[in-house]
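Next come two complexes built around chain A: one with chain B, the other with chain C.
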Partner chain A sequence: MSTILEALQYAFIQRALVGGVFIGCCCAFLGVFLVLRRLSLIGDGLAHVGLAAVGLGLFLNTQPLWVSIPVVMFASLWILWLSEKANVYADAAIGLVSAVSVAVGIALASVGRGFNVDLFSFLFGSILAISIHEVFLSVILSIFVIGMVFLFYHELFAIAFEEEYARVLGIPVEKINKILILCTAVTVSLGIRVVGTMLISSLIIFPAITALQIARGFRLAMLLAAVFSTLSVLIGVFVSYVADLPTGAIIVLTNFAFFVLTFIFKKMTQ
Partner chain B sequence: MKKVIVSLLFGVGIYLCIPCCTSCRQSSPPTPGKFQVITTLFPLYDFARQIAGDKAEVSLLLPAGVEAHSFEPRPGDIVRISKADLFIYTGPLMEPWAEDILKGITNKELIVINASADILLSQEEDNHNEAHAHQAEVSTLDHEHEHGRQDPHIWVDPVLAQQIVSAIADGFAAKDPANKDYYLANAKAYNKKLADLDIQIRAALEKCSNKTIVYGGHFAFGYFARRYGLEHLSPYAGFSPNAEPTPRKITEMIETLKKAGTSYIYYEELLEPRVARIIAEGAGAELLLLHGAHNISREELEKGVTYLEIMEGNLERLKVGLGYHG
Partner chain C sequence: MNLIEIKNVCVRYGPIEALCSISLTIASGDYVAIIGPNGSGKTTLFKAILNLLPLTEGSISLYGTDVRRFTQWNKIGYVPQVSRNLHKGFPATVREIVASGILSAKSFPRMIFRKDFSKVIRAMETVGVCDLSNRLIGELSGGQQQRVFLARAMVNDPDLLLLDEPTAAIDPATREQFYKTLREINSQFGKTIVLISHDASNIGHFATKLAYLDKHMVFYGRFDQFCASPEMTRYFGPHAQHLICGQHCPMKGKL
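So, the complex of A and B:
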C-alpha cells in the first residue's frame, strides 16, 4: 500500500493513470461494437495507417498528428466502404488497407531527402511518457466518444446485432456505421500517440471480449468493458511499478488474465 | 464520388513518387575518375571525408535524420555498395544488416573496412545494481541481445576515433597506392585534431565538480565515460534504444537527480526525448543535448556540421551540466 502511495506522488504516474483510463474507456465502449461487427482488428490496422501518415508528414513537414488524424479517418472510411460495397470481408478489408498504408509509408519515407528528427519516435507514444497536454486531449476525446455512443446508443445496438433488422426499423445504418468508424479512427490516431500501438489494439479487443463472456445484457456489457479496461490500466501501472516491469506489457497481460478468469467463471456457472 | 477521390489520391501519390525516385535517389551521380567510398554512419563519413580530400568521393548511406538503429537499406543502396570501391562500417553490432549485404556482393574489387575490427569492444558494465535483472527485456530479439551486451559506439571516444581514422586511411592507401602518402598525411593531420580534442575534454572535465552524466536515452557514451572517468545513469537497461524503461527506473532517476542536486539531464539526438522530459519534469531539471553523432539531421547536414563540432558542442553542454569551474 505504501508503495502505491509512493508511486502516486509522481506526476508521470498520475498522468499515466488518468490518460490511460480515459483512452481505455473510449476503446472499451467502441470495442464492444467493433468486436460484434467483426472489426476488432481495426485498431491494429489503423495503427499501421499511422505509418503512411509519417511518410506524408515528411513531405508536408508538419506535426505528425495533424497528418495522421485525417489520413487515418480516410483509411477507416475506406475499410468501411470495402466491407460494405466491394464485397470484401471486414478482416480482409482491414488487412488490405493496412498493408497498402505500410507500403506507401515506407516508400514515401525512403524517397524523402532525409529529415530533421526520427518521426517514428514522434508518432508512437508510451503510457509512461504522457504529457499534460495529451491528458487533456484524451479527456476531451473520451467525452466526445462517450457522448456519441450515448446519443446513438439504440441505433448502434440495433446495428451491432442485426443490421438487416435495423434497416427495416428505418435506422440510417450507413450514417451510423460512418460515425462509429470515424470515432474509432480519431481514438486510434490519438491513442497511438498517447499510449502506443500495442496498448491501443489490445484495449479495443480485450475489455469487449471479456465483458461479452459474462454480461447478459448489452448495457451491462458496455459497463463491464469500461470497468475491466479501467481496472487493467490501474492494476497494470501499479504492478509494473512494484515489480519493476514494463508498463504496457503488464496492462496487456492483466487484460488477458481478466479474460481467462471470466472464461473460467462462465464455464463454471453453466 | 468516393471512387473518384480514391483514384485521384492514388494518382497524386504515384506522381509524387516518380520524380523523386529518379532524381533524389542518386543525389549526386558518381564523378568519373574519382573512386567511390560509401560509409554507413555519420562519424565514419566525416573521418573518410577528411582523409579523402579531393581524391575520392565519400558518401553517407544513412539518409539524414534517420535514427541509425531503425535504418533498413534499400535495393538502390545495395547497388551503390556493390559498385563502390571502398565500404566502411562500424561493425556487425551496430549495423547487423551490413554483414548480410556484404555476403551477397560479388564485387571482388570492393575493400571493406570494419572500423571496430581492431578495437576490443567492452562488455556492458554492471553499474546499476539491477542491471542484470533487466537483461531479459533486452534479449527478446537476437540482434538486440548482441547489441545489449557489447557496446558498439566506439566513435564517441576521441582516442578510439584516432584508431578508426588510421584504419580508414590504411584502406584508402590499399585501394589507391599512388596517393598513399597524401591519405596518410591527411589522417595524421586529422588525428592531431582528435588528440587536441582529447586534451581539451580531459582538461575541461577535470575542472568539473560533478562526475555523473544523467542520461534519458539509451546510453551511447560508455567509451567516452570510461575514458574520462565519468559515471553514468540511464533508465534503459542496455545500449538498445528499443527496450522500454520501467516506471521504477524512472522514479529512481528522479530521486537520484533530486538527491544529487544536479539540475540537468541529457537526451539523445534525433529521437523525441519523451522519457528524458518526464524525468526532467519530475526532478525540476533542465534538458541538455548529448549528441551521439550516430547520424545528423537534414539541417545539420546542410550546415556542413562535422564530428569535431558535434563533440565540441557536447563538451560545452557537459561543462554546463557537470558544474565546470574554470
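So, the complex of A and C:
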C-alpha cells in the first residue's frame, strides 16, 4: 500500500493513470460495438496506420499525435469506403490499408534513421512517458468520443443488433458507421501511447469480450467493459512501477487475466 | 384506406429479374399471406416496400406517399426473417430489444425516456412476453424470439405489420399459436398484417387474403378462391389440393 501511495506522488504516474483510464474507457465502450459487429480487428489495422503516421510525425519533427490522429481518421474512412463502395470484404480492406501503411512506415524509418528508437516506443507503448500536453489532448478527445457513444447509443445498439432493421427504423446507418469508425480512429491513435501499436487491438477487444461473458444486458456490458478496462490500466501501471516491467504488456496481461477469470466464472455458473 | 399500393413494380439484381409487373393493393384491416417457392421474390417485395431496395420499374406508395419520400416509419412494424443463431451471445435483454423499436418514432437525438417504457410493457403484454423481460435474446427459443420481434414491431402501435417468414424457425404447435396471436392482433386491434410464409396449408386458416408470387403475381384473392383456381393445381400439383386445402376452415376475417 505504501508503495502505491509513493507511486502516486510522482507526476508521471498521475499522468499515466489519468490518460490511461480515459483512453481505456474509450476503447472499452467502442470495443463492445466493434466486437459485436465482428469489426474488432479494425483496431489492429488502424494501429498499423498509426505507426506509419507516428513515423511521419517524427520524420517531420512534429508532435506524432497531431499527425497520427488525422492520418488514422483518413485511413478509417478509406477502409469504410473499400468495404461499402468498392466491394472489398471488410477484413480484406483492413489488411490492405494496414499493409500499405506498414510499408510506408518502414520506408520512413529507413529514410529517417535517427528516430528509430522513438518509433520503437510507439510500437510497444510508453504511457509512463506521456507528457502533460498528451494527457490534456487524450482527456479532451476521450470525453468527446465517450460523448459521441452516449449521444448515438441507441443507434449504435440497433445497428449492432441488426443493421437492416436499423435502416427500417429510419436510422442513417452510413452516417453512424462513419461516426463509429472515426471515433475508433481517434481512440486507436491515443491508445498507441498506452500499449503501443502491437497491443492496441487487445485494449479494444479484451474488456468487451470479458464483459460479454457475464453481462445480463447491453448497458451492463458497456459498464463492465469500462470497469475491466479501468482496473487493468490501474493494475498495469502500479505493477509495472513496482516490478519494473513494461506497462503496456502488463495492462494487456491483466486484461487477459480478467477474461480468463470471467470465462471460468461463466462456465462454473452455467 | 389503402395502406400499400404497388403498381407495376419490377426489381432486378444486375441482369437477374427478381420481381416483375407486380401490382397489389393492401387495405386497412387486411390480413394478407404471401406465399411462393424459394427465390420467388417474396423477401425482395418486402425490401422494396421498406425502401431497402431501389425499384427498376413501377412505384410503391405507403399511406398515399411514395416510399422514397415516406418518413413515418413508426406507422409500420417489421419483423425480419431471422435465424436463431444470429443473435446468440448478443448481450441485450428482451426489454432492450423491444425498446429499440421506439427509435422509428424519434428524431435526433434519439433518446428513450422512462415514459417510453409504458409502450414497451404494453407491446410485451400484447404478445405475451412480459415474463421474458430480463432474459437475454440469445437464450430464447425460436418461437419466443419471434414473439419478442413481434413486440418490437408493435411498440409504436403501428397500423401495419410486415412479417417475413416469422414461423420459419419454430415447431408446428408453436407456429399455430403464433398465427392465432396474429389473428387476434388483426381482428381485435384492427392491425393490417402482411406475412410471408412457406406454410401454405396453415396460413390459409388464418389469413383473409392470399398472394401467390413467382417473380410475378400468380394469384391474389381469398384462400378458398385459390383452392378452386387452376393456379393451385398448376403450382402445387393435382395431389396437393387435399393437403393444402382439404382441412381448410371457413375464414372469419374481413374480406
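Just so we're on the same page, the second predicted complex is superposed on the first by the 226 of 270 C-alpha atoms of A that agree within 3 Å, B and C clash if a C-alpha of one lies under 4 Å from a C-alpha of the other, contacts with A are read in each partner's own complex, and residues count from 1 in each chain.
Keep this in mind: a residue touches a chain if its C-beta (ideal position, glycine included) is under 8 Å from a C-beta of that chain, and two chains touch if they have at least 3 such contacts.
Since the structure is predicted, the reported quantities are computational estimates derived from the model, not experimental observations.
Novice: Taking the superposition on A as described, I'd like to know which of chain B and chain C A:F12 touches: first, second, both or neither.
Specialist: The answer is first: A:F12 touches chain B but not chain C.
Novice: Is A:I171 contacted by the first partner chain B, the second partner chain C, both or neither?
Specialist: The second partner, chain C, only.
Novice: Classify the contacts of A:F258 with the two partner chains as first (chain B alone), second (chain C alone), both, or neither.
Specialist: neither
Novice: In the superposed model, which partner reaches more residues of chain A, chain B or chain C?
Specialist: Comparing chain B with chain C, the partner touching more chain A residues is B.
Novice: Is A:L128 contacted by the first partner chain B, the second partner chain C, both or neither?
Specialist: Only chain B; A:L128 stays clear of chain C.
Novice: With both complexes overlaid on chain A, does A:F206 touch chain B (first), chain C (second), both or neither?
Specialist: A:F206: touches no partner chain.
Novice: Taking the superposition as given, does A:S240 touch the first partner, chain B, the second, chain C, both, or neither?
Specialist: first
Novice: Applying the document's contact rule, which stretches of chain C touch chain A when the two form their complex?
Specialist: Residues in contact with chain A: 50, 52, 71, 73, 76, 78, 80, 82, 87, 89-93, 96-97, 100-101, 103-104, 106, 109-112, 134, 136.
Novice: Can you list the residues on chain B that touch chain A in the complex?
Specialist: 2, 6, 13, 16-17, 20-21, 24-25, 27, 63-67, 70, 74, 130, 133, 137, 243-251, 254, 270-272, 274-275, 277-278, 281-282, 297-299, 301
Novice: Report the residues of chain A in contact with chain C in the complex, numbered from low to high.
Specialist: The touching residues are 36, 151-152, 154-155, 157-158, 160-162, 164-165, 167-171, 211-212, 215-221.
Novice: What does chain A use to touch chain B in their complex?
Specialist: Residue list for chain A touching chain B: 6-7, 10-13, 16, 59, 77-78, 81, 104, 107-108, 110-118, 120-122, 125-126, 128-129, 131, 237, 240-241, 244-249.
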